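Attaching a single structure in structure tokens format; questions to follow.
Every chain is named by a letter (A, B, C and D) in the order it is written, and numbering of its residues begins at 1.
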Amino acid sequence: FAQAKKYDMVTVVKITGINWFNRMEQGVKKFATDTKMNATQTGPAQADAAQQAAIIEDLIARRPAAIAVVPFSPETLEPVLKKAMDRGIVVVTHEASNQKNTMWDVEAFDNTAFGARLMDRLSKCMGGSGKYAVFVGSLTSKTHNEWADGGINRQKAAYKGMQMVATKQETYDDADKAYERAKEILRAYPDIKGFQGSASTDVAGIGRAIEEAGLAGKTCVYGTSLPSIAGKYLDTGAVDGIGFWDPADAGYVMNKVAQMVLDGKKITNGMNLGIKGYNKVSVKGKVITGQAFVDVDKSNYKQYPF
Amino acid sequence: MSGLLGEPAAARAPSSTWRSLTRRPELVTLLLIVALSLTIGLINDRFFSVQNGVDLLRSSIRTGIFALGVLTVLAAGGIDVSFTAIGVFALYVTTKLTMSVWPDAPFALMALASLAIGLGLGLVNGLIVYRFRVPSLIVTIGTQYVYRGALLAFVGTAYITDLPRAMDAFGRATLLQTTTADGIRVSLPAAFLVLVAVALLTWYVLRRTLLGRAVYAVGGSLPIAERLGFNVGRVLLFVFGYAGLLAGLGGLVHGAMNRQANPFDLVGSELDIIAAVVLGGARVTGGTGSVPGTLLGVVLVVIINNSLILMGVPSTWQKVVIGAIILVASGIFARRSATA
Amino acid sequence: MTHDSSTPTAPSTGEVLLRLTDVTKTFGGVQALRGVSLDLHAGEVYHLLGENGSGKSTLIKIISGAQPPSGGTITVRGRTYRRLRALDALEAGIETVYQDLSLFPNLSVAENVALSSQLVRGGGRLARPLDPAEVRRVASEALTRVGLPTSEDFLDTAVDELPIAVRQLVAIARSTVIRASLVIMDEPTAALTQREVENLIGIVDRLRADGVSVLFVTHKLDEAYRIGGNLVVLRDGQKVAQGRLADHTKAEVAYLMTGQTLDRTTYRAGSPQEEILLEVSGLTRRGAFSDVSFTLRRGEVLGVTGLLDSGRNELAHALSGVRPADAGKMRVGGRDARLRSPRDAIDLGVGYVPEDRLTEGLFLEKSIRENMIVSVLDRLLGRARTLSAERAERLAGDLVRDLRVATPNVELPVQSLSGGNQQRVLVARWLATRPRVLILHGPTMGVDVGSKDALYRLVQDLAQRGLGVLIVSDDLPELLMNCDRVLVMRHGRVAREFSVPGLDEATLTRELLDDRPLAPSPAPPGGLLAAAPEKGGD
Amino acid sequence: MRLPHLDPYLRFLLLANLVIVLFAALRSGGTFVGIDNLQSMATQLPELGLLALAVMLAMISGGGGIDLSVVATANLAAITAGLTSRALFSADEQATAFTLTFVAVALLVGAACGFLNGLLVSGLRFAPILATLGTLQVYTGVAIVLTSGTAVIGFGDGLTELGGGTLLGLPYPMWVFLIVAALLAFVLGRTRFGLRLYLMGTNAKAAHFAGIRTRTIVLATYTLSGLLAATSGILFAARANSAKADYGSSYLLIAILIAVMGGVNPSGGFGRVLSLVLAAVALQFVSSTMNLLSLSNFLKDFTWGLLLLLSVVLTNSTFRWWTSRPRKEVNAGT
């Protein structure tokens, strides 16, 4: 079937409609325009692994040439992705470096390194000492916990003057919950100096709490987020910096990798996939890792209009 | 003919404490709050600080507004699980509309739009429930899916973080403000006034108008209310409309305080809010519940949800602890109604 | 005792208050009313009589606006309606004390009494302020009229905390709030005992003196005669007679209602055998009854009566396992029995037909068949221990035939039956358990003369077949006609035991109302208001 | 066997299914009725269907009966089963022992969870909505404590086969669902327990007076609910070859939606397995149609809600629709 020029390629995201994946869809669309492939994006209406699996089940019946997936929970998708591959569908994943049933997994960067990088910035801002707290979207989210642990481990290794308070707090990917948790941290540890967030909504909630408490200048807040979500808190200084990777690029690269597989092309260590951050990817097993870190702060976030 | 009630009325009273707890279930809630606070305070004395008190009040605002709507529906013997969808619908549509039409619109106008949307969607609930005589749980599950589905499929999915000016200002406005010894600014938002106003209004309507008593009458027995000449259709339209109205308001206040209009918000929290109302003494079977009780129930739930870090509960255990506290609280309520 | 009221001598010349013209009502295929025309005059008392299912309640619902008629018109004070809304009726001064009382269980006494008058005052408009002080004032006035207390505490008590007799009076109080022109009472005495009935009659007299009309629905002919006035008889949805009650003998009225002559004065035929089926000694439940002892023999019919607070209801519940006793002994069929639940009672052969068939007895939305077989499922097993549909149908069919339940199909919901037939379904359920001892609690409440007759024959037949029957009732003629012995309870104790032959109603009544303390004076179990709410049978 | 009586719900659901299938088949150019899609649907439906059956049982039992803890129960059952079996056996080398242990432990845990719900509701008289909301939190919490939120993975060939294999062209999960549904229909329709449950749901007080041991029935019903939820959990695990505390978190409301769309009366006493199955099928059809036609999943939610509203509008229900009992309210017990 490799002769077919115009492939049917579907990207399945964790949840449809949120800013992050809306941005990813722009990348998918750009890929479609660039390559004239029939590339589309879909995803469940609720953040639930079960619903994502159901969508992939249904997709298999449609027999697209390739499925690119951002798994909500990689483990739970193994069987259904295996089924897809058994039916000859090309499977590419993202944010799932431990996925077994995939042909290629595309990572914008190494998650542990990304977490450590956020910690480096946090530590620098805090002057290497003081109390800090760590938030994750949920304890069941693998990537969030990898970032969080990457940061925590880096602190333990390199910044002995810093001290984490409480345990990793769950915010259910909800800015309001993050706000409540941050407020409670402020009550329990009034001398808190830093926060590291994981869900894109975390820093928005933390920033709001910090701003209200009038602590923008006295605390440091870093986390994964998007400029569109964190921008106004970056402006006021309540949030000091965020890190992310461009979901559009990731969407583009996933589809591109899938197309290469369909076209029978090889992917090798050090290869240039033609997108910034993926110019010199490292390939280890099935995992393709780029260096697509984007670190922004007040000064430059406006360059990323998403 | 006076022999019938020979015993003076005061001669009864099997146990007056239980009786008063039966008549005033909000006392149970109050006791629970006191007990829980003492426990938490023992573990961490920061619980008894101005900062904590103000924060808890602030956290009660949104839940409180929604809960008062839920109370009205429960009192009439219905249940509403669509109010969160109504709230987020009103919030998002109002914000999006304002941003595209008149970003400088006064907040009052936005509030009016939100209230109107909430009222409209609530009335749809009431209309279906009454016209087709369907249990309200069924109808409102359906409308929750319809309202949320319509919002996300036809209106939009992107967060709006750039809010209309007046809305942003309202979200930041504070009522009173102090700074703690640790240099942390503590403030009670102006939105608290909204909760106070809504609580007073709801109290007045439920306690001091015929409509309010009709709500409880319908909750006691709908067929009897009908037979005695109460316009049951109006009552049902009122309760669902009012719940929708408050949901619309609650949604907007939530958005303003949260400084973003996120169409994925709120839905999913309806059971927690209903639980707060029930822990405030309203029964799911209808005909009971009061405004003070509901507010206390909200405070109870807010304390449960916002004291785990103070208590030092590790996050893996937080759900277990929350569940256990809910069970203990419901257990005390169950004992109360068993003796009622 | 004889309350020879000031019966007007001539048919009233008062204005026509309410006129029904050719009113019909159909429910699906059932013709409940077939063209009833009727005039009610001001200041008169009417008794609406008729068999179960003859259309009495339906007629009342149409007059009070609870249901629209299918045809015909209603004229109230010169205005003619095709359909009278509940509010129209109230505004026209038609007040109804429904058979089910129609009180709001969750609202306070004061609100129950005063709310509808507030509604009427505002013409049905709900959006109007309500002054709690005004509500209390209005309620207090009405409560005084029926002899209930007006203390703050009582006004604030939720109705579901009250015993049934007090509720009945609260409902009556409500009907006196508005200056009514017509008060309708659907079996208002069903839950009342002798003493409260006297009270009610007093109220009726005063209403009549005030020029208010009263329309009674009742199955108790004796009471109708005590009150006097006019009668209206329905049969099969048609009015078959109207006139002065005094012009008809009881037998004639019974004939008008049923089309048959029923002139039995006593049903008791057989006599008890030696064998003791049930032996109760020292049975006690704190706060309800104490030290109750008696025996029931094979083939015997034993009556138990008492005022509402006498402990008779609680005794019935203890004997049937619904709410077990705390102390004392029960022996069934010669063996010690500990009843902890109705199931235990059934297993021992004790059956209990509860007093309130609607909430304690029937599954209204479920079929007649299911209602009949529920307590004997263990006997209806077919292959693989599943329920045999065939056996169930056969049993239900037999029972419907034996008890002459008027229904075309056992699969219909029980709520499609009239009250008397519903009662038969319930009795059928218990007969199916093949009890040795059958406890009938208020067995003919709301049951018409014809059905009563059938039921009494059945009781005698059962005794003949060797059952022991215990009738707990406040219908004294019923006890006198059916029993061998009658126990009178007072203050939670058996005050006196009578042998029926030679006993008359007056003696029984005296014993019932006797206020002298009993010999070994027990702590009184509290007044009417102290009785535990009727709920929570666990 | 008597033919099922065509009540309004059945009529509506049959019609709805027909319309959806015709629409989907035409619009998808036949893919909808292709074997792949049919199998895909038949794999997805059972998990939700079983959860809906569990909710239905609690609802039938009356007194505001509902089980909000079904999804939490399913996950806790799968997680404990996974942890236990992995501790005892190797998933790959002792597949049979592993699978049997897994199923046994899952069912046991499910029954225990259900039993606890039943105890709270019947013995301690908790309002079911509060009791199961509390246990929902506790069960999910315990699952998180046990796993720190991570997935338990690798359940071996036995379970994978159960999740992905077919027999006579029908996926195993569907077989499980059909058999369980048939058993349940049998229990509800033909046994003493079933009749007692329906009667108790209609009027608990009358049931007590009629000699039904209502507490036992409530206890048994919630336990059965837990068992059904655990069965669903086994299917979760088999299909995902893993178990996780947050799996199917959106399923609770959907399960309730299916139950009420299938004509289960939340006030108790009414509800039929067949209607519920048809409701589940209808929702599955809608969902798969949307996916096949690349329509938004929000539109799917919208359509589900609309379908439910349509079902209540078009079927003139005969049951109690408001909380109060129709007559003699003043006498009504708790």
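To be clear about the criterion, contacts are C-beta pairs under 8 Å (C-beta built on N, C-alpha and C of every residue); 3 or more make two chains touch, one makes a residue touch a chain.
What you are looking at is a predicted structure, and each value in this text was computed from that prediction instead of being measured.
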Other chains in touch with both chain A and chain C: B, D
Pair joined by the larger number of C-beta contacts - A-B, B-C: B-C
Mean-CA-position distance for chain B and chain A (Å): 35
Whole-Å separation of chain centres (CA-atom averages), chain C against chain D: 44
Averaged-CA centre spacing for the pair chain D and chain A, given as whole angstrom: 34
Multi-chain contact residues (two or more partners), chain B: 149, 152, 157, 219-221, 224, 286-287, 316, 318, 338, 340
Sites on chain C at which at least two other chains make contact: 100, 102-105, 536
Sites on chain A at which at least two other chains make contact: 16-17, 45, 139
Those chain pairs that satisfy the touch definition: A-B, A-D, B-C, B-D, C-D
Chain B residues within the chain D interface of the complex: 77-78, 128-129, 132-135, 137-139, 141-153, 157, 218-224, 271-272, 274-275, 278-279, 283-287, 316-324, 326-327, 330-331, 333-335, 337-338, 340
Residues of chain D touching chain B in the complex: 64, 68, 120, 124-127, 129-131, 133-142, 144-145, 148-149, 253, 256-257, 260, 265-267, 296, 298-306, 308-309, 312-313, 316-317, 320-327, 329, 334
Touching residues on chain C, where the partner in the complex is chain D: 100-105, 159-160, 164, 167, 322, 341-343, 345-346, 352, 354, 356, 358-366, 370, 374-375, 377-378, 381, 385-387, 389, 415, 429, 433, 534-538
In the complex, chain D residues that touch chain C: 2, 186, 190-192, 195-196, 198-199, 202-203, 205-213, 269-270, 319-320, 325-334
Residue numbers on chain A that touch chain D, as the complex places them: 16-17, 40, 42-51, 53-55, 57-63, 73, 75-80, 82-83, 87, 138-142, 145
